[in-house]
C-alpha cells in the first residue's frame, strides 16, 4: 500500500495507463502546466494544450475517439460543460446507438466539480445527476484516492463515454490552486479521508456501476456520492450520540446506478436519506426515490441536497450545500416520523 | 492521381438516380422524418470523395446520402436504413440524418456545424495513428456562423491537421439567405484563420476534383488544413415537401395558403404602421420570389454539366446511364422486397 | 369560445401580447418565414431572423431581457439547446440569484420538442426534466390549444426565464413541415384533442406551476405532461374494460412542480403511474417519486418513459416512446401488485 | 467630449489602490474563491468607461473590478460583496466573479467569452429602447477562440449593433500563450467580420480614450460595432496566488516544487524518448521563464505612464494620490467595520 493525495492518485493511474497504451492522449486548456508531469513524460502531442474552445475540442475528442484514439479530455470545471453540451448530448452519448451499436466512443471527459471554498455559483456546480439523465453517458464520482485512481483506469478502459468528476475539495491539485491559493489564512472543511489516503501498490480498475458500503447501520441508510459521503460518515458518527445507527453507501458511479446495492442497503433499515451535492430537483435524489418505489421498498425518505444556485458568501454557501449538521438534523426528523 | 471524368459522372448519376428513387419512396410514405436530399450537390461530393482512400474519414451533415453512396457504402444497406429496417446500415436506429459506418470512418450529424469538430477529431487521430490519411468535413453555408465550426477551423489551423473543410454553398439555410446573416464573407473569414481557401463552381465536378485534389494532397503531406468553398444550386429546397419549393412550383395555389393569413396580419389593429407592414409583406414576397428563382436549375445542374463534357462519346454515356438506372432499380427492389419491411409495410 | 390549432393558438396569444407590449420581440432562425404573420404585422425589428448561432443568440436574448426587452427566442428543437446550454445554465438561470434577487431575466425560450414521427434521436428529444434540474428555470409543456395560448401569455408575463416547450405532434405548424411534409401517404398518432380545440375568446394567462386533473379515477393516478397526457387519457378509457378507474393529471408545468396537486391526486388511489416522454432516469419521473416519498405517501409506483436514445424506425420508436399500449400493460401490473 | 487626463488618472489610482487593498484582504483570508484582479488593465478600463453615460451598458468578464469601480459603483458595496456580506452589492450571493448592478446596466460572468453575447443583447435593447446608448463587452485574449464570442461578433456586424468589443490582451490565458493557440491574429479575424478594429497600447490611457471615444461615437450614431485590441501587462498573473507568479518572484524555492516531480517524470520508464522528454521539459521551463519576464512591469505600468504625463503638476498629482489613498482606506474601514462581517469574521 502507498499513500497518496487524491489528484496524485488520478495522475498516477493515468500515467500508468498512458505508459501502456499509446492511444491515450490528454487534451484540454493549460494541460502542459496543469499536467506538467505527464507533459514532460509523454510529450506535447499526447498532452495537448487547447484554446478556450470547449464546444469544438470536446467534439474533436469524440471524433478522435471514434477514429481510434482514447482521449482524456479535460473541461476544467463541470460548470463549463454548458459550452460543450452539444458534443455530449448529441454526439458522445448517441453515436453508439445511432450506429446500431456498432461504433463506440471510448472517451473520458475529466472535470472538476463541487463547492465548499467560496468560488460562487458558476464555478461550484456538481451536475452529475443532470449528466446522468442523458442515456449513453456513464458518470463516475470517486470519493477516495484509491477509487480516484481505480475509476480513472476503468474510465479509460471503458469503450463508451465516461464523465469523470473530481471534487475540488478532495483534489489537492485544484484545491491548492483555487481554494486556498496556497494561503495559510483560510480554512475549508476538507474531508481528510478523501483528500489523502492509501492506494494499491499496483492500480487495478474499480468496476463502474458498483456502489460500496462505507459503514453499516441498522436504523438509517444514507446514500451519497463524492464529498457527501464524507459528510455522511461524520454525521453517522454524530448520530451515535443519539443512539442512531446510520449506514453510509458510497455510490461511486452515478450512472449506471447500482440499484441492486441501493435497494438491499435501504431495505435493511427502511429509511433512506440521500445526501447529494448536486441540485435537489429532477436529479439523483429523485432517481433514488424512484428506484426504491419501483422495487416496492416502502422507505421513509429524506434528502439533503443543493436546492438552489450556490452563493458566494461562505456562510450562505455552507447552508446551501449538504453539511454534516443538516444531515444530522434531517436524519433525526426521519427517525421521528 | 489522375481524374477519371467517366467515373465521376457515373457516381453522380448513381447518386441522382438513387435520390430520385428516395423522393418517390418518400412521397409514397415509406420514409419518415425530415428527408434532406443532396440533389445539386453531386459534383461536390464526387469531386471530393474521389480523393479518399482507406483510412480517410468523413464527417457529414444532414444531407449525407451522395457522399456515403460514392464512398462505397452498399446502397441497399443505405436504403434499408431509410426505410427503417433492422438490417439497414444502422439497424434502423440512426435513420437518414444519423448515418454511421465505422468501416468507412464516416459519420453524419443533424446538428448544424457539428461536422467541423468531428472532422478535426478524425484528423487528429489520423495524425497520431495513420499518417498520410485525411479527414473531410462537409457542411452548408448556414453552418459558418455556428461557433463550434469556427472553433474547429482554429483547431485545425493551430495543429496543422490533415483536414479539408467543404462548404456546399447553395446560398440558403432553410428560408434564410445566408448572406443576410453572415458578416463579411465566408472566404475572408476562413482565410483569417490562416487556412488556404479555394473557391470553385460546385456544379463543375472537374473544378471540384482539382481543388480537392490539391488540398488533400497538401493535407496528406502534413501541410495542414484547407477550405473548399463550392457554390451550388439545390432545386429540391431544404427538405422534401419544402413549402418554399411548393410555392415555386405551384405559385398560385400555394401562394394563397400563405398570403391569406398574411393579408389578415396586415389588417390587424395594433402593430407596425401600414407602410411598414407593406414593406415587410414585400420582403416576404421577394424572398419567396427569390426562392422560386433559386429553386430551378439555371445552367448549373452538375449532371448536365458533366454530361456535356462527355457527350463526345454519346454511346458510352448512354450505356452508363442505363447501367446506373438498372443498378438503382435493383437496389430499390432489393431494399423493398425483403419480408421484414418493418416500417414501410405498416402504411 | 373559438376553435384553433395548437400552434395557431400560440401565435394568436403571442400576437395579442405583442400588440400590447412593444418590448416583446421574437428572435430565431427563419422567423421571418416560420412566423411570417408576426413578421408582416410587427416588422423585421421585432421579428428578427438570426444566423445559426444558438449559443450567442440565446445569450443575446438573456442580455436583451436584462436590459429591458421581453424576448421570445426560438431554438427550433429542444435537441439544439445543447449548443445554447451555457446561456441557460450559467446566465439565464443565475442572474436573478447572483444579483441578490435584484435583476430579472424576463425571457421566453420557445422550443419544439417530442417525437412520434420518425425524425430520429437527435431531433425528437423532450428534455423537460433535464432542463427542470437547473434552479432558476421555469419549464412549461402545454397539451391543449387553450393551455398553449394561455401558458404562452404567462410565460411572456413572467419576470423570470421560462422554457416554453411545444410538442411537435400537437403543433400543427411543425407537424405539417417536419412530420408529414404535407403528404397524405403517411399517418402518425396525433392526439386530436391536443392538436385542435377550443380556446377562450380572449386570452387569459394560464397560471404557471398549476397542474390540472383531466380525468378523475379511483384506482390509479396517472401523472403526465404533453402528449403523454393524451396517451394516458386513451389508456384510461382502455382500462375501463378491465374495470380499472384511472385518473389523469396533466402537470402543464414541469418546474416548478405542482407538488401539492400531485400529492392529493395520488393519495386518493395510492398508485402513481408516471407517463413521461422525456428520458426515464434522473428526471421528472424520479422527482415525482421523491415528491410522494417526501410527503410520506406510500404509493405503488410505476413509470412509462423513454429509456434510451429514440430510434428512427417507426416500430422501434413506438416501442421506445410511451404508448397507450404500454401504459395499459404497466397499469395492469401496478394493479396486480 | 473632452478628455480629462486628471480624471482618468484619478480613476486609475482609485482602482489600483482598491485592488491592492483587495490583495491584502485576500492574503489575510477575508476573500474567497478565485480572485482575479485587473492590475495592469486600469488604462483600458478608464479610457473606455469614461465614455459611458446613463443608459449605457457593460458586460464584463472574470476581472470586473476596475470597470465597475470606475463606472461609479459604491466601492464599499463592492468590497462588502467581496467579503461575502449580506449588504454587499449582490447580497453576498454573486461574489467577485459574478457582480451585477442593474442600475448601471453592468453584468459580469465567469464564463470565458460570455460577455460577447450579453453585450450584443444589451446593444439590441439599446437599439430598441434607448437609441443613442451603447454597450461594451470586456474580455481577454483567451476569449477570442470561444465560439459564442465569434458568433456575437457576427451578430453585432449584421445588425449594426451599437457595441464596442474590448479585448484586454495580456498575451496569456492562465498558463497558455494565446498566440500558440490562436490561428492567424485577432485583429485580422475580427476585421473579416467587417468590424472596425483599433489596436492600441492598452497601458496608455490617452490612446485608449481616443480610440474608444471614436468607436463609441460611431456606435451612438448608428454606425455599428467596433473592436478595440488593447495590449497590456498584468504582473499579478491569472489569479491571486498564481503559481506562475510565485515562481517569477521566488524562483528558487518555488521552482523546486515544480521541478522535482518533473525530473521524476523524466526518469520514469515508459513514455517519450529521453530527447523528447528533455525537449518537453525545456518547453515548460521556457514558458515559466517567459512568464517570469511577463509578470514584471516593463515600461508598461499604465499608472506610471499617466503619472509621467501629469508630472508637470507634481503637487496636484501628489494631492490626488493622497486623496485616492484616503478614500480607499476609508472604504476598507467602512467595509470591515460593520457588525455583520459574515464571512471575514469567521476566520
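Per-chain residue numbering starts at 1, and chain names A, B, C and D are given in the order in which the chains are listed.
Note that contacts are C-beta pairs under 8 Å (C-beta built on N, C-alpha and C of every residue); 3 or more make two chains touch, one makes a residue touch a chain.
In this text, all values refer to a predicted model and were calculated from it rather than measured experimentally.
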{"item": "Per Cα centroids, the chain farthest from chain A", "value": "B"}
{"item": "Selected interface, A-B versus A-D, where C-beta contact pairs are more numerous", "value": "A-D"}
{"item": "Between chain C and chain A, distance of the C-alpha-averaged centres to the nearest whole Å", "value": "31"}
{"item": "Distance from the mean Cα position of chain D to that of chain B, given in whole angstrom", "value": "44"}
{"item": "Whole-Å gap separating chain A and chain B, where each centre is the average of the chain's CA atoms", "value": "41"}
{"item": "Of all residues in chain B, the ones touching two or more other chains", "value": "90, 92-94, 98, 109-111, 145-148, 151, 154, 158, 180-182"}
{"item": "Residue list for chain A, restricted to those that touch at least two other chains", "value": "50-51, 53, 55-56, 79-80, 82-83, 86-87, 90, 94, 97-98, 120-122, 309, 311"}
{"item": "Complex interface listing, chain D residues touching chain A", "value": "26-29, 32-35, 81, 84-86, 90, 92-98, 109-113, 142-143, 145-148, 173-176, 178, 180-182, 239-241, 243-244, 246, 258, 261-262, 264-266, 268-272, 276-277, 279-281, 283-284, 287, 342-343, 346-347"}
{"item": "Complex interface listing, chain A residues touching chain D", "value": "15, 18-20, 29-30, 32-34, 36-44, 46, 49-53, 55-56, 79-80, 82-83, 117-123, 177-178, 180-183, 185-187, 309, 311-316"}
{"item": "Touching residues on chain C, where the partner in the complex is chain A", "value": "55, 79-83, 85-90, 93-94, 97-98, 120-122, 129-130, 132-136, 255, 257, 279, 281-290, 292-294, 296, 298-303, 307-309, 311, 337"}
{"item": "Of all residues in chain B, those that touch chain D in their complex", "value": "145-148, 150-151, 153-154, 157-158, 180-184, 188-189, 191-195"}
{"item": "Residues of chain B touching chain A in the complex", "value": "57, 59, 88-94, 98-102, 105, 107, 109-111, 114, 116-122, 124-126, 128-130, 135, 147-149, 151-152, 154-155, 158-159"}
